[in-house]
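Both of the next two complexes hold chain A, though its partner changes from chain B to chain C.
Take a look at the complex of A and B:
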């Protein structure tokens, strides 16, 4: 997502309320300060649980509903989040006390928008506040459905996906719909066109198709951070199922995305889907049979799909950190302040992946280091010891100047690693050049012969008679 | 057009040689010195062509030392030649002193450039 520039961020922190009657001012003020101290003391343990580099998983989630019945109709999803250690805060989207941050501190690490029809959030929350929340590195799940409001659509647009403009359109697929008792209008889709990525969807393959009923969205071509995780089949299209199709649908085939994710440049993660029912208990528990396929699954793939993808969104998977970037001359251990051209050096860095509970060694054979000055002079693939230590050694090029060690690691689903460390490279010192080179002995000889010749010549010339 | 034969060439060399015998000994010594310097320079160029130009500064200083010596010696020869009327006002002692000074400067530069 390219973070949009907002000129006037709304002041979100709650300002202390002014007392209404001058007579009570003093008392109110002292009450207020006591309250402030109390609230700080109460908040401290909460703050210590917040997102930190040492444990990047989210802890506190705010869930916004249109109506609270969703809390029970989607309870399996919420209970799985709770069992994974999240604190969920359920609120109505038009709650007048709604706020994401207080006194400049975010109260939540993640936001789940299960309120597709909301036209205007309550309290201090608005489009800019949601985007600021993401811009400061927090995560977001947006679920829309056929009642999606302009507000929800514009949040999604800012994140890089465009929902279908037509408010009555649903995704229809006459080939890969889910077989239900009645013939229906084929808007309940059994989708199984997943992105191939273990880090996004977990190592266990999702066997059963995922049930989807909702609206289509397409990816903004200008945004290269947004990915289709679940795309519609080539036969799908987005149209109003109850009216006859008079003109070709605007969104067709596999350009329709059912579920998309974004990983912003600040590693904030966003999941966007056009189906709120995707998360519902009814879909989690229902059996699924894809049209034209003889196989009937007792349970749809929704639960596994949603659980795995939410692990990714809330940084329980695919979060890398690089530490202990070291370099030294071959055979030494101290890090020098500068290198000389043609020095042999060792470079190492440790890369770990967050498993949700602890930092595990990250093992890959495609991590590269650049020795960079305007362009990479050296590009080496790092070898690893399976314990997270990546290492290589190379010779400093025969060019002096201010170089950088650069590790730029961007892989699908993983947080991007961008490390750079500056290091100057100097030329040979005056006394570091080779002396008395064997190949040059004839030249030395010739020069000294010329000197000796000069003396002999002078002598002979002066005394030759 | 006159026909040239080998006897003509022989006659030319003979007359040159007989004319050279009348050259003063001091000039002959200078000629010998110039030949020696040029010969050394050629040897170094051949050596460089065989071995390669790696210590290029050493090669340059070696060859330029020889070339410089030869040039300075030729200058000395021009100045001390009695038949050259251009420098008839210049004493041969003064010419030789100039030659020594130039050689000192040349070899100082060569020594700095050699290593």
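Take a look at the complex of A and C:
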């Protein structure tokens, strides 16, 4: 199945029409041909760069800054995106020409908000436009820092993440800070409490801790789409490091999330973090040693962490599609229009994962199919052949009605698969019941001996003398 | 737009202050990390650059940083240099940068090529009116002068050219790009100063001193527009609206620095620029850290190289390898003084003037003292921490004093330098105990000592009429009271509802008394087991800890009707995303049937009456003598009985495979046939028997 938002932009209807009056034909034709050529020239780059259901990765990203020097100070991150084939558009967040869509078409597939202190976006961009962008299935990265504005905080709140309301609070951790000779206030955190998920963070384990310096956020308990990817250690707390703590900090311990992700129901993906420096060249290149640990890493885990997570956010990983949902009676190949109760059936579906370049077979042992009518009658785990084909076989329940084959696959980090196919199930026909029941043999025996007796008796009765 | 740029500046300031000020505003000179970054950034595709300008930037950056990579690109670069110099159609800009590349690589260009270029540039200078034309052509001539043996390369009308460049200057010290364009630019001011410096060096005779002094005045005016960060860094930024291409603060500042240092180098006499501003400019470039962009890195390194060797004042950077000093490990205070590019400073003394407790502006904790210099590693050290310095946050105030009095005008030291220092140490934790008290009397019911250095598993129980008391003592290595930033008692219920309490202190003693009666509402009337944790931590406390103390079983009253509900806890993602339990359909059990054997036995038994019937018939002596003897009735009789047999077999077939409709169809034919033959044979039998009777 292809996600719903990846739609090919339709070419604008600028195709030439037949002019009605011969007198205007020549003029009109030349005008139209110019229009056509123009439209083709204008649309060519759009069409060639646009996403399609067949390649769900993002291509065009808009990066918004508070100040353009970030382009240089965070260049490793941007260069890694460029080398992965993304088309980055850098703009100041208060650029008066900002727009995410034109003529109803989105100009970008993803938005990176590296503008923590912006109070009002320029141009046509505002909170509602950002949320619409996500609602239409596009991806978003939000990085805040201690200067985070209400606007950025409210974007995050809409995504299910609440930043600490105290504007001067930073994440402080006196137990797992990064040991640096010139950083004494323990706000530079060496975090290594990652979520256990290969799809989010890649197959290679991130060995070195990730450097974090910024503000804390917590997850909205009512939102079960948001996940903590990097959590703070139990000893961390969110407070102003330079003022005395008079009341208990609002966020403490592992409930502080340093980096969170959201996968919306339309498979739009969002990454939220309270540290813009997490992406900076300085942190990427910095060596790291966690307090209390003798091991010193030459390079922090930031580069790997950010690269892997951005692969996920921009749909280079964890994007599934399911095709060729098939079912048939055991021993047959054609799909029947209807099953009879107690039929044996084979069910198969193919699932592929997008690797950023091609669709690769998806291998997992927890894909399940439901045979469903109001509630699942059969729920079975599918076995796979490591080439993307999942299949199983089971007996149709002895309940008739309109059933559905349902594949509901919701796994952490993967796009959710929801497939269903309707199929009616009928009871036995009158002649499909068992015909020779042994228990009835005495009755049959009696009848037939009776008949034989009658036959013999007819001779005796008629011809006896 | 103007508002935007204004905001933009503020934002740059904010960003830089954020990134550098949090690093306690210590500026580190250029180091090896710059070198590795340069090698990474200037990594051209296959060794060839898109432009000769980029080639120059790479070579210059490597030259300043002392990286020897010339051989990698010299062949390709020299080739393009000689092409550009040899061609008469190459642009001024390309000529300028080609000459610069040649200056570094020494490509061995022939003298006559230089002469051709020189005469071309001379003619451009004579007829130029735009600033960039002056800049490139004058700059080119200066480079040719440096690269050839020709000493007679002079500008014929140096003073005239000087005046025509000067004519583009504005009253605020900035320059215009050409006379038609009224917009003035700081970036252009840098270019103009560099060009003017070139003219001075190319001039055959002395330039009019009044011209030089008005230009110096322009420089001072330009420095009036300098901008400042809180950490002491100075920079220039382009205020130009609608510039052809927007120059950032870095390239603008670096242009001004190039112009300023070039102009100062060729003119005699002081510029009267405050050395603090030059130091501030150096701080600006160092504060950027390591840029991630090749152009930015070039601008940074190139400007620092000019500042390092300028004639106005050479900035000296005082840096500390570590600002976190451990009292327990007896870390020594180390101070380094370098020039901006990291080379050693001239002989000087570093004095520690004051040590101030941060937050209080009162008197210094120590007398002024001199740091000991170790010439081998070029580090100034303070042997032992002053006795009066305990753990805490301090501001150390340093001062550099140059030994040679001539150097005082040559170097910018920046006066008093304030650097925040964290002095850390192991805090002693003592007499920790936890107790449950009876509310009204305050008598101790249970009291347990706890060891906050080791593991504890205290188990207490209390009801809502009692109180919980936790107390401990903290003292610094010098025996003073210590107040950590984080002293939090955390109670966690089984349902993960957390309650936190900040521990108060008086002197060394920390104590908290939890009166459960007042807390029942806050505890959401949740009885049960609460885990008790104590977190004590501070930036200067080396043994910050988070300890599980044990648990308290609380017996709270039942909640009233309108009691607040405990907050919802986030769901465990594994619960949402894990696979579901399999469901197998349970089929309806088939009806119970007698065993097969029994059925077959009874089937056999049903044969018995038939057998009895046969035996009876034989016993009776059955005969068939009445069978018709004549042929026609015999045929009918045979057909009649075959018909009966067929009907009976049809019943058999009906059971075996036929359905009702086929059976009835066949039966209708058979029945008619049977009726016909039956009628004939029966009437024959009847007539023969009546004949017999009548006979």
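Here, the second predicted complex is superposed on the first by the 393 of 465 C-alpha atoms of A that agree within 3 Å, B and C clash if a C-alpha of one lies under 4 Å from a C-alpha of the other, contacts with A are read in each partner's own complex, and residues count from 1 in each chain.
Basically, a residue touches a chain if its C-beta (ideal position, glycine included) is under 8 Å from a C-beta of that chain, and two chains touch if they have at least 3 such contacts.
Since the structure is predicted, the reported quantities are computational estimates derived from the model, not experimental observations.
In the superposition on chain A, contact is made by A:395 with chain C only, not with chain B. After overlaying the two complexes on the shared chain, residue contacts for A:418 are found with neither chain B nor chain C. In the superposed model, A:184 makes contact with chain C only, not with chain B.
With both structures placed on the common chain, the touch criterion links A:449 to chain B and to chain C. In the superposed pair of complexes, A:330 makes contact with neither chain B nor chain C.
Partner contacting the larger number of chain A residues, of chain B and chain C: C. Once the two complexes are overlaid on the shared chain, A:338 sits clear of chain B and of chain C alike. In the superposition on chain A, A:439 makes contact with both chain B and chain C. Shared-chain residue A:281: touches chain C; no touch with chain B. When the two complexes are superposed on chain A, the residues of chain A that touch both chain B and chain C are 437, 439-440, 442, 444-447, 449-451, 453-454, 457-458, 460, 462, 464-465. Against chain C, the residues of chain A that register as touching in their complex are 66-76, 79, 92, 94, 96, 117, 122, 145-147, 172, 174-175, 180-187, 195, 213, 219, 221-222, 224, 227, 234-235, 237, 239, 241, 244-249, 252-253, 255, 277, 280-282, 285, 342, 366, 368, 370-371, 376-381, 395, 397-399, 410-412, 431, 437-442, 444-460, 462-465. Residue ranges of chain B in contact with chain A, taken from their complex: 25-26, 29-30, 33, 36-37, 40-41, 43-44, 47, 51-52, 54-55, 58-59, 61-63, 65-66, 69, 73, 96, 100, 103, 107, 110-111, 114-115.
Residues 435, 437, 439-440, 442-447, 449-451, 453-454, 457-458, 460-462, 464-465 of chain A are the ones touching chain B in the complex. In the complex of the two chains, the chain C residues touching chain A come out as 4, 7-8, 11-12, 14-16, 18-19, 22-24, 26, 33, 37, 248-250, 288-293, 296, 320-324, 393, 420-422, 424, 483, 485-488, 490, 498, 500-502, 535, 537-541, 544-546, 567-571, 573-574, 576-585, 587-588, 593-594, 596, 599-600, 602-607, 609-610, 613-614, 617, 622-627, 637, 641, 644-645, 648, 651-652, 655, 659, 681, 685.
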